[in-house]
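Next come two complexes, and both contain chain A; in the first it sits with chain B, in the second with chain C.
Moving on to the complex of A and B:
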């Protein structure tokens, strides 16, 4: 067995001004060349554990620390962070927070310069690490010109240049689109397999960790609940659900099948395992599990949002939208999806007149947006931006929610009553006096949503609302979108997390490179894998399993969720063991 | 004692070999220097005697002292002001004086402490202030024949700041700023900004007076203007300070050793 590169011995930790331990009695050994995944719900202590590898916890934060962490033979409390940084590279969730230079090569050189590496050596290392993360030829590009995935790979390259023995990544893909996430996982896997770099990655990306990690550690409330290969942890579906974690879609599907009486000796955790295991079950499948809508619902009356031949070209000449035409009616729940740069946000910004068409027209309730003011539109169309922090600028939750109302010539009583209603709807009464930035990200998003709801808009647009959220947080936000929809609001959600949307959206608009690729009911679009692939999207694993079944049986199964796939198989075979 | 005591042995936590100045991480100093430089672009009042304008950054130099402490705060403000005179020459005035004023304001603010090992710092600062005031006022009256009432009225913010600094009010400032009560915190920021900006004005005034020797007419003209300018610094200091300190407390960022908040 390879020797240990890092060991945690009875480690417990408490942040300053806190009374609770955020890590408790952690004993863990990370072996050289291993790819270790850290999983657990929000607040489990994953980030704190990551920061303990290079002494940031507790040296920078202070607090109370018990036990010992040794990395490459160095006690992290007895050596400066700068020394530990030679052995441990850390890549954070948001690459923007760790990129400081004005060019790709300067970014890589920065840490090396601080470690007094000779200039010639720095110049020699830059092309090597850029090649390792596939950013060759971008040496002189400004980091801001890079895509999200490229920025994250630049952050990894900057860490690699220091030649660490251990690379720690804290949710490196949570803010990336599928292409970016795939790029990062592929890079990390290559570093692990080909260069032997030890990897520790905290992530909610269950499908990817199941594919790439050698071992998982499950944390909850600061303690290790279990550890072992992905096949051991992800197959404990009930435990995962109890901790608000999401096992891979394929595992959940077979879990439901097992519950339905099928004999499934081992739950698969990767898609390939799942497809291989589901085909023998195909004989049990003989009906179309597509009770949902397959044709667009007929709509009467004037559309609430009407887009006609919309083209938008930015000042720098980039054509972001090309000849888009669509109608959105009152009470619809629409998912807009597509790769980064597909034009999704550009499209919805026209609904708020934050952008004006270069060509074509956008009408809100029959009135061209050109004839409406932004403030008038803001009352009818609410926009929840991707990063809630960008919409927060008051010092208490209550002030934040009431902020816009004060500028609408509204009576004080009405402002108070709307603020209270919004706070209640979002469950924020208990934190009304807290600073919004002191709340967890999920609650910060709810503050922004509450502020939007207080305006009582007809349409609410959520721009990537699940980015950076854990499964529980993402589901909570989506449940809220459903509540709004049920209350009669028109809801538009932009996301590329398709696996989350099956239970919510009715209609899907797929965009790619500024054009409208498809506009149809979700059950149709999710099964048009070629259309999705053309804009770098992957359907949920349940859809892929259903397609494998369709291929095996010839019966079209337009399932969207693990439950539906399991339902299609057990419809007439409950109790039958295959 | 914790419930369910951890099994590991408790260790002493120290910042080993970290990059700090007087207990303030270098990163904080760099960030606040940059903020001072950015605010140097915004003018908030014209300089009647010399032309040009005062930078809005004058209003946050005391705040920088309360956040980083007297030494790191003075460095941050000094560096920020120094960069500011180059990138924002329209508010540079006399560049060296601008930098000295920034350093003094943050240093004085950071020194408004009580019950610390640096509690005695108030004494040499007060003595220095008295000397500056004596040289400033004395030269005006003895050499340039400015009347006593004009000096007293014209130097109102200087002597009032000096007096408030010498009295226990300086300790009250730090106590109020550290209060969880937002009203008290704002009051502390306001009073403290008046004192620290006034002390900085005193040192700058002394230097520039020795350079320009303004006659009584200038003194009289400035009598109503100078306090209003200092009140503006106070207003901006309260506005920015309450937001910044509330935010810093809320996000729980590691606190510099000499921070007051």
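Moving on to the complex of A and C:
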């Protein structure tokens, strides 16, 4: 067995001014050359554990620390962070906050300069690490010109240049689109397999960890619940669900099949395993599982949002949208998807009049947005931004919800009644006197949604609501969107997390490079893998399994969810059902 | 480029090729001379030269326009205050008595409180001198800063014997401003998307709404700065000057020439002012 590169010996930790332990009695050994995945719900202690590797916890944050962490033979309490930085590289969640320099080469050089590496050696290392993360030739680019995935790879390169014994990555893909996330995982895998770099990665990306990690550690409430290879942990589906975690789609599919009575000796955790395992099952009888809509629903009346030949060119000459035409009717639930830079946000900013068309027209309920003010439109089209904190301005939840109403010259009684209605709709009555920023992120999002609902808009737009959220948080917000939809609102969600949307959206608009690639019901679009691939999107694993079944049987199965795939294999004649 | 990037010039010019040290010296000399000169014509000439140099260096006209617009109310207040109320100061500077000032405008004597108060040409000239000083000092900084890469700036400052910690804090501040600006814009946009019609609000009401920006802005700035601190420490940063640098900072012929030119300019300006009274405020423009 390879030697240990880092050890945690009965580590417990409490942040300053806190009475709760964030880490509890953690004992862990990381072996040289392994790829260790850290999984667990939000608040499990993953980030704190990551920061303990290089002494940031507790040296930077303070607090109470028990036990010992030893990395490359150094006790993290006895050596300064600047010394530990030579042995442990750390990549954080947000690519934006990690940039410290104004050129790619300076970004890589920064840690080396601090470690007094001679200039000639720095110059020699830069091209090598850039090649390792596939950013060759970008030495003189400004980091802000890079995409999110490239920025994360640059952060990895900056750490690699130091030649650390251990590379720790804390949710490195949670803020990235699928192509960026894929780039990061591919790079980390290459570093691990080809250069032997030891990797510790905290992530909610179950499909990728199942594919790449050698071992997983499951944390909950600061404690290690279990550890072992992905095939051991992800197959404990009930435990995962109990901890509000999401096992890979393929594992969930086979879990449902097992529950339905199929004999599944081992639950697969990777897509290839799943495809290999599902094909023999296709010999059993199966039925069409495409109960959902396959053609656009007929819509009468004037569209609520009407976009005609919309083109938008930014001041710097970038053509962000090209000849987009679409209609959205009252009561629809629309998913707008596509890679970063596809034009999704530019499109919805036209619905809010934050942008005006360079060419073409956008109408809201028949009125061109040019003829409306932003404030007038905001009362009809609500917008929930990715980061709710930028939308919070008041000191209590109640004041926050009533904030805009007070400036709209509304009668006091009307303000009170709308505020109460919104609070009730979002279940915020019990926290009405709390400071909104003292609430957990999910509840902060509810406060913002409640404040927007108080304006009684007909349309509510959610811009990347699931980015940076764990599975539980993402599901909670999406349940809210469904709740609003059921209450008659028109809901538009922008996201590239397709695996989350199967149970919610009815219609999907796929965008790529400023054009509309596809506009059709979700059941159709999710199975058009070529269209999705053209804008760097991957359908959920359940869809890919359904396609494998289709290929094996010749019968089209337009399933979207693990339950549907499992349901498609249940043989009606034997009476097995889910 | 994201709004997080520091506003730098795109154009390659003499200014972008110079080392940061002669540029620092240039900023210091021009600031001192602008401060010393009281003559509005000479001060105005200096301001105009710096403005033209900014344009030649590629500082965006939009930025200069914004600076001028921001200075406009300040300039108007200066003209009014100095024009009406700087009698004693002007007498002290020029030896002229208020009754010999050239009056551009006098309120009728019968008007209560302000009756007989007059706007003097000498006072306006003095205001123009302060405006020119302010404009010079405001524009010379982008001329030096926007034409220098932040990382190169740090090396230049360290070579100029400025402590590394101060150089780093300075460069970090420069990087932080665009971030704060972008965050402010995002928050204002979020307020507008709550249906707030700024265009129809009175100034007091608008100010009350704008004041709400402070809380989310401070919180996000604190969060960002803490994250930055974690990132810096993770990259072995401890503020120690004992470090190496990727880029070397070497003075070339053009840098020495600029040092010489501005050294001579400073010497001439000081001697001219002290010995011959060149640049002193006389109150006589025609």
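Everything that follows uses one rule, which is that the second predicted complex is superposed on the first by the 523 of 578 C-alpha atoms of A that agree within 3 Å, B and C clash if a C-alpha of one lies under 4 Å from a C-alpha of the other, contacts with A are read in each partner's own complex, and residues count from 1 in each chain.
Definition applied: a residue touches a chain if its C-beta (ideal position, glycine included) is under 8 Å from a C-beta of that chain, and two chains touch if they have at least 3 such contacts.
None of the values given here were measured: they were computed from a predicted structure.
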Partner chain in contact with A:437 - chain B first, chain C second, else both or neither: both
Chain B versus chain C as contact partner of A:78, first or second or both or neither: first
Partner with the higher number of touched chain A residues, chain C or chain B: C
Partner chain(s) touched by A:98 [first = chain B, second = chain C, both, neither]: second
First, second, both or neither for A:60, with chain B first and chain C second: both
Contacts of A:25 with chain B and chain C, given as first, second, both or neither: first
Which superposed partner A:131 touches (first chain B, second chain C, both, neither): neither
Partner chain(s) touched by A:359 [first = chain B, second = chain C, both, neither]: neither
Touching partner for A:68 - first (chain B), second (chain C), both, neither: first
Set of chain A residues, in rising order, touched by both chain B and chain C: 60, 80-83, 395, 437
Chain A - residues contacting chain B, complex: 9-12, 14-17, 21, 24-25, 55, 58-68, 77-83, 395, 434-435, 437-438
Chain A residues within the chain C interface of the complex: 51, 54, 56, 60, 80-83, 85-86, 89-90, 92, 94, 96-103, 105-106, 109-119, 122-123, 142, 144-145, 158, 162, 352, 354, 373-376, 378-379, 382-383, 385, 389-395, 403-404, 407-408, 437, 451-452, 455
Touch list for chain C against partner chain A, complex: 1-2, 4-6, 149-151, 175, 183, 186-187, 189-201, 205, 209, 212-213, 215-216, 219-220, 224, 227-238, 240, 242-248
Interfacial residue positions of chain B with respect to chain A in the complex: 2, 4, 6-19, 25, 242-243, 246-247, 249-252, 254
